[in-house]
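Presented sequentially are two complexes of chain A, the first with chain B as partner and the second with chain C.
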Partner chain A sequence: MLEPPASDAFTTPPLTRKRKAAEATLVHNETTAATEASVALSPAATGTPASGNSTRKKLRSAEQDPGTDSTSGISGSFSVPARTKSTDLNTPVSTTMESDEDFMSIGSSPDDFLDTQGSDVESLDDFGDDFDGGFSKDKDIIATKRKPYEVESSVLSPEDIRQQQNVQINEVSSILKLPPESSAILLRYGRWNREKLIDSYMDHPETTLEEAGLGANTQVNPRTEKIPGFVCDICCEDGDDLETYAMRCGHRFCVDCYRHYLRQKIREEGEAARIECPGDTCNIIVDSKSLGLLVTDDLKDRYNALLMRTYVDDRDNIKWCPAPNCEYAVECPVKQRDLRRIVPTVQCDCKHYFCFGCTLSDHQPAPCVLVKMWLQKCEDDSETANWISANTKECPRCHSTIEKNGGCNHMTCRKCKHEFCWMCMGLWSEHGTSWYNCNRYEEKSGSEARTEQAKSRASLERYLHYYNRYANHEQSAKLDKDLYLKTEKKMTSLQSQSGLSWIEVQFLDTASQALQQCRQTLKWTYAFAYYLARNNLTEIFEDNQKDLEMAVESLSEMFEKPVPELANLKVDILDKTAYCNKRRVILLSDTAENLKNGEWTFNVDW
Partner chain B sequence: MGSQKRIAKELAELVESPPDGILVKLADESNLYLWKVYMEGPEGSPYHNGKFLLNLSLPTEYPFKPPTVSFKTKIYHPNVTNDDKGSMCLGMLRADEWKPSSRIHAVLEFARQLLAEPMPDDAIEGRIAEQYKNDRKRYDEVAKEWTRKYAVESS
Partner chain C sequence: MFATKLERPPPPGITIVKSDNLEEWQMDIQVLDSNPLYLNQIYRLKFTFSNKYPIEPPEVQFIELAPTTETPRPIPIHPHIYSNGIICLDLLSSAGWSPVQTVESVCMSIQSMLTANSRDERPPGDKDFVSYNRRRPRDINFFYDDDNV
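Moving on to the complex of A and B:
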């Protein structure tokens, strides 16, 4: 569709300008982030002013909510753009930006945002105590304010991950006086547990090297050679001008065979960290120097990518972002055992929110284990079975399942022609004269069967109550998402119809993102509630749930208004968006606090 | 192409100095990649006096990929599938354990050693492994019976 040229010319440039600025910042940010990450991980560097500062900058709260009480000093309309793209760039927006971007930077940089609060140190302090070790424990971290449901995390680009590995490899190298490629093999063997590895090496250097696949002699300059009279053990070719190669283990093969072997391992078998010497029963690991000498660049890239994958897999505190095509990883200090008391939602730079514990999409406030149980339950046919048991009985003779949909108690099984009483399940012929009215109804066995049926029915209804609401939010979130995809279109048409600038229609984007996130939260509150046993806190929880739900539904309604009306609703939508976010923060804070303090009781064991 | 030289060499060596109780030849003189292996049941095992035919087939990527070995003669053994395929599970024949410098010689010796000493913990036939571990007498009987029935030429 063609736009009126005038408005087009007017509105498009800010978009491109902004994108360029954003990209520029992104590049800058990535390079600094890389070095910062390396500093943050080195224990030697911990505590220096530089590392403290950088760690804090790298710190990213899992959730940046502009519409919270903390920004109350800033007017509503200012707080909204905080959720746009520039928010995701950790560094404050550069001062060279033009006026509209400057507008956006107010209250939008996480640093500014965090600085406006930061008084409530106490609650954070004991939250921090839940985690131990593994992560650079910088006192500066404590000074930044996190909400009870947020966890410390940082996003790592592939380059960051590479740097992290290199820093550790070089460190071990200098401590153990080994070449870097050997340290790399040692570290991979020891699953990057530096302390344990260094201890083990100090105690038994030979055994450690042997087990890691290094062998004793580590000081050999790798090069290919021509050896007169050599016969390759693999291809049985000989010739005085055959290029050959051997690692320090001395198993020598022709370069062609070596290459073929490495290519097969890397390309077909996806192996990198543990490629052994091609020699029979030799367990010396092929080091990166040897590899670099023998293979082509594309294979080297693949090799490094595989190594990176193993590195992240080996580290408990790093996980790949599960979003499709996202190549970032997220580092977070939350341990598996913390998952009973924390739901560690983290955000990747690709904007995807996911749980660091189980890598499913954000499922706050429900803990991972309950989420797993819930999904299993919903997936299971057990609920169908539940329905069957609540609504049907089995023929006492052939065990066909029968649903009684009317009529009297005199049942004749359609399949086996067995005649029985629906009430007492006894033979109809034994009913004697009490036709069509079972006088054995009040018997003990009969009443027990009835209680059993009633119980089953009640539990089914309880499940359906929560499930329907859970499913409804899931469905609505999907619909909202469709709406979100139309948002950009809407915004464009709004620009041309109302003469608003690009930046002024951002509120729709913000609103739709808030909707998504709130519905996601709501959805999981129902799964959470299903497993919650009643105590004096559940009422507060349900009130919070209700408040958020009402706010979300009314925002959703506004959002669906026809385009021409949207411009007039801007202030309302902004207010409602902020309110939704606020209610969400309240709900999540409350549930997270109680989870952390073990205040919830559950009707299941987990 | 490179592999033919190697295969020819291995074959020549095996024909010239065959391992104990093992005889190899090409299934078809024009095809280096399919071998017939005749294996005598080792003394002291229930397979003694039996003569087993095995197929050894080499992939075109040999020696970078491992050969596959299967029993053509029916055999009652925890590590050989109890069907007409007679597939074997040999640790060294798994792709990730095979080394290009590993030799067929070693493979065949390993296979024969397996007849003398089955490895019930790496079994492919769980039931036979169970019997081997818990009721050795019965296992010996059945294995002997099968050997007599399938692996002894009636002469």
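Moving on to the complex of A and C:
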């Protein structure tokens, strides 16, 4: 299992569970032995086990029948699947399975939900492409369970990931009646989209196998052989004692060369999932069984680690935690296309908060695209250019950049000797006798230059306004972090000075964490606000931002007080911490709601 | 373990110039048809072998010998050959390489790459690449996006 049942109940909303349950049941119907033991109560599961495509479709339609023993004895969440279902019944059965939505909704009848509750086959792993993040049409359900800015996610350990793979490999293996190592290659080829893969295999088994790098020949147990008169094509070695190996493609090489080849691919090139036969232009993939026969154990470990990496890379709904040395991955159903409407911040078991969309650290409330634009803007030279245009002028003739550092308005370009007026940028010769006192404002050439400059100035000022605040919070968060490192010391000395117990000084730790988190949020509110067009919503946003900022600053101030005063401030700090957290929730909820509903107006296209 | 399979005489248009050690070989190649771009020209290829050859691909590039020398060897014009002699050919990358390939087969592939070409041009960005590139060919990530030439 991916996670203990208790935490599952906590993190997985009924909707998701329902879907997973539906999947599990479907799988059960399709497979015979693999999942049999796991579904205990399923009325649907008593149907004839089947493996053919047509039978699957029949079963699927059968599942549309309203459940008979659905709702009894199950708590409040039950009304929800029932409600969803009534609409689903109107959906025609998709015969091609191209529509993910259809598949999901058909399977999600209440009895399916009942069936797999508490069973062992929850297939948490299987929502694949079929999952839409759960917030698009069911937001009323989610809202009661989660705050608007939170997303569902679960943390996977390497062992979980390995199991997820194996479960899927075994399932496909029993459905398609292929050996597990071939199913693994197929699944990797199909990027773990089981449904599409099975359909593609059912429709064109040979083409699918061919394209996946499997070839149509049936698999025999791999073994090395001695072939009299054999000459290895790689090393030109011959001899009747030479151990040789060939996969089903028949390209035979000596075992030594094969080993060197595999070692090179795995060790040096970091390849695992798509190691092809050494033969020229042969696309057959080296399967795990062949590999197991040929390479040493240390290489196998590396191979498996690489496979795990490919697995996570292949799955859009799983990402590695980006924290240094963290070996966990996080699973989250939010898709790339949803990133315009949601900022999916997830927390890893290592305590690191990061955005599932872009794997940068938590940047709520700003959506990924804006974050990217903002970081780009802060990094590139566009603001340097802005400074230049705000503070310098170009020679009207040769366009050299000139910064005026004193003197009169009569400019003579040092480069091209062009004479012009600094004020109006017009020709100096046209100034006649009104030297040093330019009154030629109406001149077109000059006024254009001036408005351009004013625009640059305004834009720079605006950017700097937001950037300074953004950078300030970033800096303050760093300082607070230093403080946090000192917090522990503080807590110890507070214990000894005021006689408080360890548990009684934990409020400092809580406060410090709240500070960090709120600063992180505040920092990104400024980047977000930079891209917001002015309207009433923006005003509300800025009010929320102000409230949070003031609360954070005053908490920060209290936090910095000398240790003896801290004991007396405990209640205040606790209150302020709670207040900060509350303000943060309000700000994020409000922003997330508006983002989800597309209410924000931005001053950029994205 | 180490052999280069050039026991029989090389195919037409390919001659061995230097093969006295196992680190570097030089080959002369010329096209066999009357492609005006390469007519009557001989080009020199340099093969550099690592100790992992043939599991790992060799480094292959054209080298230039000045027109004033006895054996002038220019860099052939081709949309996949940079003017410093570096060749963009997926066969020579670790992903496209097969240990079954040999010096001979590589030469023939390059020969046919020239024969098939009718475009009198260098790769896009050739100038920048040639002046800034300090990497060895094996460390460059080419994108093999063009299967036509």
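Structural remarks
One rule holds for everything that comes next: the second predicted complex is superposed on the first by the 429 of 606 C-alpha atoms of A that agree within 3 Å, B and C clash if a C-alpha of one lies under 4 Å from a C-alpha of the other, contacts with A are read in each partner's own complex, and residues count from 1 in each chain.
Keep this in mind: contacts are C-beta pairs under 8 Å (C-beta built on N, C-alpha and C of every residue); 3 or more make two chains touch, one makes a residue touch a chain.
Nothing here was measured: the structure is a model prediction, and the numbers come from that model.
After superposition onto chain A, the modelled positions of chain B and chain C overlap sterically.
Of the two partner chains, both chain B and chain C are touched by A:281. Applying the stated contact rule after C-alpha superposition, one finds that A:269 touches each of chain B and chain C.
Residue contacts after overlaying the shared chain place A:235 against chain B and chain C alike. Counting contacts as defined above, chain A residues 233-237, 253, 256-257, 260-261, 264, 269, 278-282 meet chain B in one complex and chain C in the other.
The part of chain C that touches chain A in the complex is made up of residues 1-3, 5, 52, 54-56, 94-95, 98-101, 105.
Against chain B, in their complex, chain A makes its touches with residues 233-237, 251, 253, 256-257, 260-261, 264, 269, 271, 276, 278-282. Contacts from chain B toward chain A in the complex involve residues 2-3, 5-6, 9, 61, 63-65, 95-96, 99-103, 106.
Within the complex formed with chain C, the residues of chain A that make contact are 233-237, 253, 256-257, 260-261, 264, 268-269, 278-282.
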